[in-house]
Each structure stands twice: as C-alpha cells, then as structure tokens.
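A short worksheet on the structure shown next.
Each chain gets a letter, A, B, C and D, in the order it is written, and its residues are counted from 1.
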C-alpha cells in the first residue's frame, strides 16, 4: 500500500497493538483527538480507553510511567508531543529507562518506546524544532532510531516495540506527510542498528538521516556525482561497519545533519572513520549541519536548515580537497 | 498532644485523614452569571476604569478575531486565541502595575498589551520574528512556549525583587495543563519558602489542547493546590472581570507583602487551542454552547447597564478604534525589515566565540556564491 | 450558583480563598508519647504479630548500628541509617503483602527485609555491588538514588497492576526532601488520575541532609498535599509503630480499591544523614534529645508492657539472633565472589551491540597484557 | 598560598561575593552545613542568609531560579550537589538559561553560574559519578568549563561569575582535595575558552581535562615520551586553535576522558582535527575513555576509569601506527 511516514507509524501501532495486548499507548492528546499529527488516529476507537490514554501534561510522568509499566511487564509506547518537550523528562531516561536492565542485572527490563516528532521545517514555535539525537545517542542503554521513509517508519517502529530494551524513535516531522511510498501491508521489522545504503557510489560517501536525507539526495542528483548515500537510520547502537566500509571504498565523506554542529552526532561518525578508515581518507570529512545556535524562530528556520546548495558546496569541497 | 509542640497542627482529627472533601474552596464571584451582584462587592474603580475594562475586553476579542483571520490567510504561523477568556486575561492584567513582570505562555495577549506591548509585536511574535521577544523583554514580559517551564524563572525573578526591596511582583500566567508539570510544582513550592513576591495566575480554561481538566488531575480545583505549598489560593470566576480584577489585586498585594499566591481563574476556551487545532474532535457543541451563555463580555455589559454606564460605551467606536489599531499594527508588522542571516548568531553570547564567527562568515560567503540557496530560504508563509 | 453545575465545589466561601489554616490535618496516633492508648484503637493483630513488630524494630536498629560500625572500619562505601525511624519503617513494611512492590530510596532497610531481602544483599548494596540490585528486583524491590526520581516508576508499575487486575500495590518510599521534586509531583498527580494502586509513603524525618522541613516547604504537613491531587492523605505519628501500621494498611486497602494515597509519617532521623554527614553542623543537641525521648522502641515497649506482652520478649535473645544473622550476612557478603570485568557490560542490553562487544574484548586483552593495571583497579575499600 | 581545588573554589566564592554584592549562592545543603564537599564553607557566616541560601531539594527550581535571578540582574552561583542530579534540570538549561539573551535579543541576559562536582573515583553511590560534559557542550548558548588545578579552579570560577553569559562549572571531585598547589591570593580570571598546554612536546598531542589530567600526565611520564599535553579547561566554547596547532606540530593525538566513548566530547575534538589538520595526521587519533556503559557502582568504578596503563597503551598505539 502507499503510505506517508505518519500513516506508516499509525499502521505499525495498529498492527502491534493487535498482535500483542501488552502494547499500550499514551501521551498528550493522543487518544481523543488522535494526536496533534494524527499519528495515533483511530487507535482509541479500536483498542479502547485502557490501552490508549490521554495523559496529563506531564513529560516526567509519561516517560517514567512508561518505564514503570515496562518494568512490570507491559510494552508501553509513549508519545512526547514534540521532541523539544523531552528535556523535562531527560532525567527519567538517564536515571531509569536506560538502565533498568543493567541495574537489576537482567531481572527486570524496560522495553518501552518513546516516539517523538523532531526537527525543524514545519514553521512551528520555539522549542518545536530541535534535534538532540546527539545527546540521546550518548546515553548508554538507550537505543535511538530515526526513520526517513514510510517503509522504515513502520519497520523500525515495529522493531522498537518488539525490542527488549528502551528505544527512542525520533520521527522527522517535516516529512511526515510530504510523500507516499510503498509500505508492505503485513508487519515486518527493519533491524535496529543497521544503516541503509540509499544509493551506491564510488566517488564519496554521504551520510545523513531523518528529514535531511532528501536535500542530501537532491544535492547528489543535482551534481550528478557518483556518491554512495547512507541513511543512518539508527543513531545508537551505531552501524559503524556500513559507514566505515563505504568510506574505505570511496575515500571521501560528507555528513549532513540538522542538529547543531559542535558535539552533534556527525562528530562521532568522523571519530569512527578516524578509528578505522583514516588511512583511506583522501580529504577531510565535511559536515553540513545546523549552526551552533538554537533553531531560529519560524521566520528564520530555513536559514538554519541545510539545503541542497549548501550540501552541493560541501560535496564539491570533499571532492576537490 | 505533645509537650514541645513538635507535632504541630495536630489538634485536627485523630484519624490524621485528609481529603479534598474537607476543603470547600468556593468561588469568588462579583457579578453572577445572571447579571446580579451586590454593590458593596464591586471593587473601588472609577467609572472610567469600569468602562476601560470593557474596552480592553473588546480589544482582546477583536484582536483574537483579526489574528485568526490573518492566520487563515496564511499570514501567521499559528495562533492561540484568548476567545472566551477575555475577563480572565483583562481582569488580571488590569490589576498589575507598570513595574511588574509578567511571564506567560501566550494566551494572555491583552494582559501584555496592558503592560504596554504594541500590537505589532504580538503579530511579529506569532510570525516567529525574534525581535518580538525583545520588545516584550523591554516591558518585562516573556512568553515561554515550553508549558510550565517558566515558573522557576518567575520565582527567581521575584526573589530578585525581594532582595532589591522592589515595589513590584512577578505574575506567572499559565494554564491548567501546566499545573501538572514538575517545573510548576518546584517553582511554586520554592516561592512559598522564599516568600517571594510572585503571583501564580492559572487560567483554568478546562482544556489542555484536547485534554479536559478531569483528566489533568483528580483535584476539583487548582486553587486547593496552594494548601500543599503553605501559600494562599483564590478560586475566582474567570468570566467575571470584576472578580478576576479583585482576586488579582488581592493576590498582588499579598505577594508584595511576602506571601506569594496562587489564583485559579475558572474560565473556558471558547475557540480552538490554536489555529492548528480542531476542537470538534474532542468536545461537544453543547458544552461550548453552555459556556457561550457565560460570555464574559455579555455579563459585564449587563453590569454596566445596571450601573448606568453602558451609555458611556460606544461599542462601534471602540471596535473601529481597535480595528484601526490592528490595521496599523499589521502594516507595521508587514513593513518589518526582512530577516537577515546575522540574526541567527546575534545575541547568543555577549561576544561571539571564534568558531561561531567563522560559521557566520562562511555562511555569508556561501550565500554570496550560491544565491539559489534563497529558493530554499525564502519565507514560505509571511513570517 | 449556576444552573448546569459547571462551577462545581462552589458552595464554599464566596471569597474563593483557601489557605492551610482552613485545613487541620490532625495526626493519627495510637500510642501517645506518654504510652497511653485506647484499646479499641489498637489494630487487630495477634499477640505474636504484636511481638513480631518489636522484634523487627530491634532488628532495624541493630542492623543500622552494625552497618555504621562496618562503615567506620572502612568496609562499606557509605551508609544511610534508619536510626530513629524504626517504627515508621517497620510499621509500614509490616502492612505490605508479599506480592506488593516497594520502590524506595535506601532508608527503609527493614521494610525490604520484611519483603524477603536477605541482609547480605543490603550489605552488598552499600558496597556498591551490582548484584544487590538483582536480589532486590527478584523481590520486587528497588532503591532509587536520585531522590524523588522513582515516583513516576511507581505510578507506572501500579498502572500495570491495575491493568492486570492484580491483588497488589506499589509502595513508594521517599522523604520530605523528595517531596519538593517535580518527579514526585508528576508521579502522584498522574496516579490520582489513573486511580492506580500506589501508596506514597513519605517518611518526613524533618531533614533532607541539613535542610530542615521548614526550609523544604511552607506547608505545615506533606499529607495536605494530597488534597491538591484529589487523593486522600494520612498524617501519622511515625514513631508509633501501631499507628504507622494502621495508616499503611488503610492506605494499601484504598489503593487497591483504586484510590492511591499519600501517607506522611512524621518521624525524626536520630542519626546522621549518612556516614559521610555530621549533623552537629546544622542542628542542635537539644532537638535531638527531644526526639530521643520519643524513641519508637521505648514507646512500643511501654505498650507491650501494658498489654502484658513484654514478658514474651526476650530482648537479649532477639539481639543475639539479629547479630548472628548479621554476622552470617557479613560473612556471605565478604565471600561474595570478586568482581569481574564483564559485569560492566552485562545486562546493559538484552544483546550486546558489536561496538560494545569490541570494547569488552579489547579491554580484556589489555588486562592480560597489562596486569599492572590492577594496581589501579584493585578495590580500595571493601566493596 | 597553597590550596586544594575545593579550597580554591571556596576562595573564589569569597572574593567574588566580596567584590560584587549581586553575587549570591544557593543550593542544597550549601549554607548551614557548608556543602557536602565543604566548597561553600564559611560563606553563610560571612555573607548572611540573604546571600547564602539552602534551597529545597529542587533541581528544577535551583537552575530555573538562578536563571530568573540572573534575568532580573543578580549574579547567582548555584550548586547542584552532584552532576548526576543536573539531568532533572536539563530542560531549564536547554529551554531557558542558555537562550535568555538570544531570545530577548540582548535585552535580558542570564549571567548565572552552575557549579557541580562531577566524575567518578570517590566511591559514591549510583548517579554520583557521571560525566555528561559532551551533552552540555552541545547546547548552544551555554559555556562549560572544567578546571583541573587549584589555580584554574579559582580563575575559571571567577571568570565564570563575571561572565555575562551562563556558565556550567564542572568540578572534578575526585581531585577536590588530592593535592595543594600555589594559588594567588588576589582574584584573577583564567580565560574561558582557552586550553592550557601543561607540557610541551613534539611526538604526539595528548588532550584531556578534569581528573583525567593526572593519570594522563603520569602515563606520559611513565613512558618518557615527548608528548605535548593539553588541558582543555573549557569544553564550550572550544579552543580548537590550540588543539589543531599542536596536532599540526606532532601529527599524532590521543584524547583521554572519563565519559562514555560514543558521542563523548572526544569525538568533537577528532572532528575538529579532521576539519583543520587531517593532512598532518600520521596515525589515527586514539581515544582512551570510559566504556559505553553507565558508570559502574562503586565496587567496579576503577575498572571503568581510564588509568595510566590504559593511557600508556593508547600512546604506544598512536606512536607506532
């Protein structure tokens, strides 16, 4: 069937709730109104109040509550309405969700999923546009995935729900509905921890994730270069193998992400390439990223976001250095 | 019960049990929904002030209507209207003084106008133009988009006023949804301990987006939460502008004297949460109709009529004035100079660190080289 | 006041004002500080259970004493004793059932022993040995070191029980200090909305390290905070083991029936915060002495004497038993197998990701190559 | 005078409170008892209750309250008792403290200081040993400093208090009292944003910060290599100049930090070197760091922490690669 990303998410939630009655979903405005992005539309009608619940405006209680439910044996899938509102619950991730299994030596576990729309480009208010995957990717015990296609959105969310450990699913809301693509009707998992090669190539490796995949692919096309384009898909645990093998082949790399540059996840990719493929590098790795500033308010956000021309210039620099 | 008084407040029930049924918070009303009132309860305001309150409520309503229309024409990002909450917004804002601070959440435009914010800047705010926030700060105003997150700032700023011996208070504007956040809890409790001059003004408009108050908390009122912080609370009919004014004035005075207070203004959001929201998905028309009958402007009109002041109100003239003001504000907003790339970097630090300077320089050079980048940058909507 | 009942609870005062003075929470006491009590108030416990309570309190006290000594000998990292809070810890723990969960903060050892945790594992816990936490989890116990952070987990687990229709509750143990955190607020409010079977048991021992209760909040009791969540609270004399037992049993029952409750157990930490703390820096001896006169074991002894049960208690024999138990536990703890490097990586994920596997392999190879690294790794203190 | 790090901090607080009456300090247990590490000893007696205050156990209110005070014109210096208890207040950093000046276009600012002891090695309980400088260093608008000597502790804290913007001072508690060193009696600032070269050398560049400086220096000494040892001192804004210049000279680099490896701040350093000195590199840059796990409980923490032998092996690899 042809689905948008948000449709694919809705589909995955339907299937997994159907398949496993321990799965329940909750968050702000997800039940009665189907979610501010309609990602949870129809679920309350289908699965009832017990399994689809509107919570108070309480991010700490949502994330911590999910951890408690998961410890007890449920499979909670909680929504944080925008990723900019996950920071109030940061402590629940650091202190509990990510380390329940570790702390209790496997006696308990916390198979929870936090879904949250992230990233800029939808002309929303302050704090609605951030990308802190670098922060969450630094927390041991927490898995972090970022789908960029409807197929991956369904498959990765399905995998996240079935995963025995906590998974943060960061959903690129800019492209929630920007296109439809073929999505299998039956359920399936896309493996967490595996990057996807979107386009094979030999001249350079271009690595990106989330909404930035599309300006990236467009820049590659505009330039007509023979780039290998990698969609990271998972931030943690990182598939450094795919990245490193590609760079060994091409000898050149460019990373595109919308988060701030300094301390962003791009630096970890560079560090991995340094570790295992330094001697293959023919040029410094380029990063095309957000600037080291807060995401500007909506009138300026398109200055902030990487766009095809910026990416093209980056590619040219990598190719000519 | 014990000689040294360590088990204090222990003269209560032997069971030590407490429940919300032990506490009937009541409701401060001056003008009842049917329009009746006791004259001696009416706050001591001059006739022109009484008329002024109406003018401001009408301004709030008109501003909200115009903004919603503007958004529908694609000239704003989104907008959160105060429709239905005019008495709550104006009654409270009218009780504040010039030197007071107001840190809010966006649904209190009129209270900010009362503090001197030009309409233009509220339009700029909803267009996502950074300078709007400067104009707010100039008048000691701020909007916090992360719900509830500003309460600790409120307490901190009020603590500063206390240390300074200033003649002012900080008013926190927040909603029923916000009351569930940890930040609101910590901010209020700490203010209580400090005795800081803060007024926590909660507009309980019955909804946090789609979530009704009954799902927000089991508590029957938010005013009763004050008890848990050892501060005082007032529950006021938020559709009764005189009652809200009185509650806020009382709270302001107490706060200035070192007793922060929590005011719960019981009202109803008659419009959508924001222009992106569709309330028919989660509430029914009969409820809306019920509250429509409690329209704060209608109620106050009946009061003004009883007082013989309605004749002082030239409804059409006010509307015309406000619309003119809005037209001028909109024009000023439209004329607002175009965005410039430096703005992204400006003011992040007192002094821009070298690496950021370099990011800026490189980006500017890029824009020179690749003017086609503007195809992606050019503003899609106005603002 | 209004035809459709939307302004509910509005039959209270017209002023809408509310303050803690409107609410006298009282205090549940069964055995008064002077030892007097009304027989009909005594919970229906068998004589051997009544004696058992004493035995457990003495166990708590003895365990705490032994642990403090152990720490002084450098055989523990640090330790937080329950000295002075024995009635609060044991009375509450005694009311829990086997299937109940208990998520605490460390100052409730005896309640965990009551749930079946071996003493050995509490020693291991304070030695910072990961397996202690496994042994706790096996018995549905957990200690959260980040104060207050566990309350949302409590609510979540209780919600799970509710969905399961389980015959159990989750008991949250936390302190007066914790009550100021956002996590506690959100956890309790959400539990109220859910009607989840959670009991929030707050040991108000008057201090959070050096911070006295009066600086923690302006509220006169923490029990009254329940009102703000629309749940019920009980304020109980935490040095009266029977009263605490009664309060907790009552709260447990209510929680199971879908009404989470907050119990404030008013007690006093007679010892230091932990072995790293020196209370003489922040409180005076006369206060300590005052509370020493309310020693929970003494009070309960006088009750047992009045009931003619004191003769059943062989104080020396209990002490000997407990000390033997402690000796055995200590020996087991000392014999506990030495730490192994894998433990750091074990159980972080159900399946170790390749990069972590590699970190482990490399680290082991390094340890083989460089056994001198053990000079830095070898445990400095025991545990 | 000869001072420990904690003594130097205490000294800086005394001087700055003396010099500027807008400076006030607060936090849990800092007044009456002088702080759990005695960093604030004597200040309450000297400056009184109004300027030295014990707060409720409320990290959100402490950090947010500091931001509010700073907006109003004060110079708050708040203590978070252990850095493991900063996560509850993460949102106040992300959402407010770091962007008050930016949001209000310079009309307001937030010159607050958060002091917090961080790092492992003191045999404390869970959550008392973390190092999240990589997370805080990724937040635009927030400065982050990490002194490693008594002199820097005084100078950097003084600079932080006088700084017009928010500064997080992460204090390496493992070495709070482990040695004394000469500290000038008068007040002075150590510049924020400047690394220090602890030892000049030509064979390789070794970069570290905080408590890890000492095993690092010891490893260098044990091996007798001619290493240039850089103490980063400031995480944000990063002094990449000093790092890059050193690597250009030596062609080899090793980074030592105790935070988890993946997404740790070491990766940003590698990315900077990649950007500006890749072609000078004779070998991959090595990272000796904590593992990608939570800091183990106290019985195991010394397995986790980098030690001189581990660092020595790293140096050897860099030198022979």
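Following the convention adopted for this analysis, a residue touches a chain if its C-beta (ideal position, glycine included) is under 8 Å from a C-beta of that chain, and two chains touch if they have at least 3 such contacts.
Just so you know, these numbers come straight off a predicted model, no measurement behind them.
Novice: Chains in contact with subunit A and with subunit C: which ones?
Specialist: Both-contact set = B, D.
Novice: I'd like to verify one number: the distance from the centre of subunit A to the centre of subunit D, where each centre is the average of its C-alpha atoms, in whole angstrom.
Specialist: 30
Novice: Could you work out how far the Cα centre of subunit A sits from that of subunit B, in whole Å?
Specialist: Measuring from centre to centre gives 35 Å for this pair.
Novice: Which whole number of Å gives the spacing of the CA centres of subunit B and subunit D?
Specialist: From the centre of subunit B to the centre of subunit D is 39 Å.
Novice: Which residue numbers or ranges of subunit B touch two or more of the other chains?
Specialist: 130, 146, 149, 180-183, 186, 189-190, 193, 215-217, 348, 355-356
Novice: Out of subunit A, which residues touch more than one other chain, so two or more?
Specialist: As it turns out, subunit A has residues touching two or more other chains at 55-56, 58, 60-61, 84, 88, 91, 95, 99, 102-103, 126-127, 140-141, 238, 262, 292-294.
Novice: Classify the chain contact graph as line, ring, star, complete or other.
Specialist: complete
Novice: Which part of subunit D faces subunit A closely enough to touch in the complex?
Specialist: Per the stated touch rule, the residues are 84, 87-88, 90-91, 94-95, 98-99, 102-103, 126-127, 130, 132, 134-135, 137-138, 140-141, 236, 238, 259-260, 262-268, 270-271, 274-276, 278-279, 281, 283-285, 287, 292-294.
Novice: So in the complex, which bits of subunit A are touching subunit B?
Specialist: For subunit A paired with subunit B, touching residues are 28-29, 32-34, 36, 54-61, 84-85, 88, 123-128, 215, 261-262, 291-294, 296-305, 307-310, 312-313.
Novice: For subunit A, which residues count as touching subunit C in their complex?
Specialist: Those in contact with subunit C are residues 24, 50, 55-56, 58, 60-61, 63-74, 76, 88, 91-92, 95-96, 99, 101-109, 140-141, 143, 164-165, 193, 237-238, 240-241.
Novice: What does subunit B use to touch subunit D in their complex?
Specialist: The touching residues are 130-131, 133-134, 136-138, 142, 144, 146, 149-161, 163-164, 170, 182-183, 186-187, 189-190, 193, 346-350, 353-356.
Novice: State the interface residues of subunit B toward subunit C in the complex, per the touch definition above.
Specialist: That would be residues 1-2, 4, 6-20, 22-29, 32-33, 180-183, 185-186, 189-190, 192-193, 195, 215-237, 247, 266, 290-291, 294 of subunit B.
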